[in-house]
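Here it is, the structure, as structure tokens.
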Amino acid sequence: MNTPACTDLKVLDLVPFGQTGGEARFFALRLERPQWADWKPGQFVMLRPAGWALDMLWARPFSICRISARDLVIFFRVVGRGTARLAQLRSGDVVHVWGPLGNAFAMEPDTPTLMLAGGIGIAPFIGYAHTHPKPWNLWMDFGHRMPLGCYPFESINEKIMADSHHEEGPEDLSRFIETMGRRMREFRDQNGLVLACGPTPFLRTVRSFALEYGVRTQLSLETRMACGVGACLGCVCRTTEQWPDPAGAGGNVQTCTRGPVFWAEQITFDDETAAPPTAADAPVQACER
Amino acid sequence: MIDMHVTLPGGLHPLTLNNPVMTASGTFGYGVEFTPYGDLTKLGGIVVKGLSLAPRRGNPMPRVAETPCGMLNAVGLQNDGAEYFVRTTLPKLPWREVPIVANLYACDPGEFGELAAVLAAEEGVAALEVNISCPNVKEGGVIFGQDPRQAAKVTEAVKMRAGSKPVIVKLSPNVTDIAHMARAVEDAGADVLSCINTLTGMGVDINTRKPLLANVVGGLSGPAIKPVALRCVWQVAKAVSIPVIGIGGITSAEDVLEFLLVGAHAVQVGTANFIRPDFVFRLVDDLAALCERMGIEQWDDFRGTLKV
Amino acid sequence: MIDMHVTLPGGLHPLTLNNPVMTASGTFGYGVEFTPYGDLTKLGGIVVKGLSLAPRRGNPMPRVAETPCGMLNAVGLQNDGAEYFVRTTLPKLPWREVPIVANLYACDPGEFGELAAVLAAEEGVAALEVNISCPNVKEGGVIFGQDPRQAAKVTEAVKMRAGSKPVIVKLSPNVTDIAHMARAVEDAGADVLSCINTLTGMGVDINTRKPLLANVVGGLSGPAIKPVALRCVWQVAKAVSIPVIGIGGITSAEDVLEFLLVGAHAVQVGTANFIRPDFVFRLVDDLAALCERMGIEQWDDFRGTLKV
Amino acid sequence: MNTPACTDLKVLDLVPFGQTGGEARFFALRLERPQWADWKPGQFVMLRPAGWALDMLWARPFSICRISARDLVIFFRVVGRGTARLAQLRSGDVVHVWGPLGNAFAMEPDTPTLMLAGGIGIAPFIGYAHTHPKPWNLWMDFGHRMPLGCYPFESINEKIMADSHHEEGPEDLSRFIETMGRRMREFRDQNGLVLACGPTPFLRTVRSFALEYGVRTQLSLETRMACGVGACLGCVCRTTEQWPDPAGAGGNVQTCTRGPVFWAEQITFDDETAAPPTAADAPVQACER
């Protein structure tokens, strides 16, 4: 895997999506291009603006959408204090960035691959769709609660076959869950691969379908991260007996270094005795991760 | 220019650090996690994540939470066990160039002794740091670090099996009289003291009505606690004649000098490693530059020179 | 909409507050300083600056210093004395509309008793809050609040002379076991507990090599200590059956609810008054709005409902 | 005295003085005009930008230079963390401001009045010179270490008779002290009034001359302030036996409410057993308050 590095990058621009003014909650953040040799879709960066006061110590993790010759792009949603401050960045501001971090989604160009994205979980799939050598083998189902224009869906839809599902009420949600189940069975029948990224309740559903239908499925987890480099042990998830390293089975592994992408059967959500008060729990953040 | 090296006097093999800036246990992994971000041999010393005899899975999630100028953690000492560390991780570390300090965690004095024996036997382990912020399971769960007699017992147990390796005892601030604790472990044979470990704290989420940590309470660290840490180091340094390592909320070269000013020989940097992973490497450079600027030429001329 | 009033049960005359938001001693002067900035009768209650029998000049300067998300103070209880307060200041306060709580400071139990008698006799004083974070000069300077027996003695002394006025005892967090302290003063007759007072801390200036406070050590307050305060309130509320007032680092309506969630009946706002002088008045409005938004209709439905 | 109030004011602009770019350390900050009925020269405001994180809790005190129909102006020098952050304010940013605070300089239009200013201590005299009904009775001696262009000296010099004294070396300092002594004796001989504002060592000198020569002298003190309203007791100074209220003599009084202006003989600097580590002590801040 590529060696990560920590660098200071300037903000090129911050583009609101879907809404404007004080209302805007979705943004594409473009930073100068870092000098990294390589990266893979599914990997992420830790991001901490140089101007942040010490009242907020941690950086925040974001999936890499794209690294081009000129820029590094991430896409984020404002859900709390940190992302609210990110939304105040201006061109020229300096951001400490370390990455690329974590593993990546499996990339099997000839395998029919279904991407399941929930809300802001669409972010890593932008890079995946754009770097996939055979995009005709790629499909996406995207569930979202905010208007479609809030998300970078277009940039995926123009490359591959993508369906979007607007969840406006509980019926929409059950319809979307039904669709996911059907699609996962279809891909199992083609010996396909399923990749999922979104809020934890969504991943839970995908995982249970994966196990029930026996389809090869990877999940990109979201956990709270303090360091991003495997040192703080704050981001762990619980492994199952399927974990490849027998010594680690049933133990806790760092999502930041052993993930964020895991095979569905190798980890479990069930041991979270006291589930993290994630975005999904708080009323204002009900819809997305 | 200042010679950055610092020797912690006392013990059979005094511990010599490349400079006063060490990393704090639990915040720098086993060191290897940080090799992409800097040269480990630049550091004064590396204290690795707390080790126990048997591997530990640690606490359930969530384990960490951000607080104003600080954070809470209740990781629960997840680690692969001392054996694994010694066999697999230690050989990867540049221990000839930078002192590696093993941080010990156990639940009774006997276990502490065994653990000390395993670790002290390793050439690559420069010193042992005893984490006494753990409950004594055999004595009804009283925290070693909150009872001078219990703390002394652990110190003796470790010292007995540590051979010639310096034994650092890490003090908890969650006590009425930290100077009293310090004297108790000094009398029990500690070669060096380090302080402070985290303050016991708690956070809650009013929407979910749940604690922020699965463990309910956890340890508070970061800049928020620096004033408490400075006070503890000052009180401890006055109370004992063995060297003291200052820990708590350090995020700048100025902070390092503050701890030396109140009497510390060296410091450990913890939570600041999460601000950015190259933090501590930059701090070493910043410290050299600051000393240059302030005309500090010898640590001995500066250490403990607070005018009170 | 929620009825903001809250009654602290127990005692002969239970203390009824307009709402759970009081001001903390030493951070709101005698209340009168804030009349230009808001309507005092909007507050849950006002705890005035610590009062002693004789006027006190307090400590030399400097007395305050800013720290990360907090501050240190060593004011040294400068005050005009209880007599002066009762005669000159109290009549200026709207004590019929907002409970005025006198904060008591003395150096031995006898003095505490006398002070209690002077203040409890005043119709305008709704309750007494005993600051036990002071040294007992007659007993070699041990801090009352760090020794359960001493704390109990002070509580008894005050209680004996307080007549029907509720006695609040304010606990120090600088102890090994705050629940133990809480039970000791409950047993000694305290009607209400408030916690926490400041954490002992220190700051230094590396250029002048002097402490930031003339008194060298001082009390740490502000958001930095909120996690410690929440933990203390939670431990204390579980340990006793009398009501608890939460104090420490409150700077928002969410913070107020956090303290209620872990079991507090009311809160006191201290350092936040320095963010802006109309802070606490705005906080009362914010709290009402937040309760509305969260659908909290009765304090009893929310208080102490933490899911652990 | 006028009743203070706490309001939110927008930044109109921030004008660097003397230096530009990253170097600038002297600024005039123009805020929207507050709705205060009245103010007097020598009074001050507490100022805390709404955008400040809680890592820095306190507001900072600054002398009022001017309140016009359109704006409130203060003049400040960057000496530490707070003032460094103030220097980052941009037009439109909101600042919490409370004031007018404290007492004021004596204003005796027919008395020959000498203003002694050290460095940034010139700030309150701008308002004094501009609101004085008989400016021909006003004189100023201004000692400064940074180039004159760093200070708003011109705006005073055009109204009244003002001399500036550039301190570039120790000899300049002793010459300035000598000048101050001579001038204070001159004003004593005319039954005049002396007003001084500047760093503490400077005020100490003025005070000792005042006592030695017996000239009516007021000093505007600088102390660290947390609240500005008399509540925290962090800003006190020690009174002497000359203090008008016998009960307060030899005690500590709040500089923010009983000052910042005191008659020289009524307060003392001598009881500061552990003198505050003020600007004057730190190398980088040697020259000004």
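For clarity, chains are labelled A, B, C and D in written order, and residue numbers in each chain start from 1.
Just so it is clear, a residue touches a chain if its C-beta (ideal position, glycine included) is under 8 Å from a C-beta of that chain, and two chains touch if they have at least 3 such contacts.
Going by UniProt, the chains are A, D = Dihydroorotate dehydrogenase electron transfer subunit; B, C = Dihydroorotate dehydrogenase.
As the structure is a computational prediction, the values presented were derived from the model and not from experiment.
Each step here moves to a touching chain, and the least such steps from subunit B to subunit C number 1. Of all chains, D has its CA centroid at the greatest distance from the CA centroid of subunit B.
If each chain is reduced to the centroid of its CA atoms, subunit A and subunit B end up 35 Å from each other. Note: centroid distance subunit A to subunit D, computed from Cα atoms, is 55 Å. Put simply, the C-alpha centre of subunit A and that of subunit C have 46 angstrom between them. In subunit B, the residues that touch at least two other chains are 68-70, 207-208, 210-211, 223.
In subunit A, 54-56 are the positions where the chain touches two or more neighbouring chains simultaneously. If you check the complex, the residues on subunit B that touch subunit A are 26-29, 33-34, 36-37, 49, 55, 57-58, 60-66, 68-71, 73, 75, 78, 205, 207-208, 210-212, 214, 222-223, 251, 271-278. Those residues of subunit D whose C-beta lies close enough to touch subunit A in the complex are 52-56. Residues 67-70, 72, 146, 174-177, 199-204, 206-211, 216-217, 220, 223-228, 230-231, 234, 249, 254, 257-258, 261-262, 294, 305-308 of subunit B touch subunit C in their complex. Looking at the complex, you find that subunit D touches subunit C at residues 3-6, 48, 54-59, 96, 98, 223-224, 226-234, 236-237, 250-252, 257, 271-274, 276-277, 281-283.
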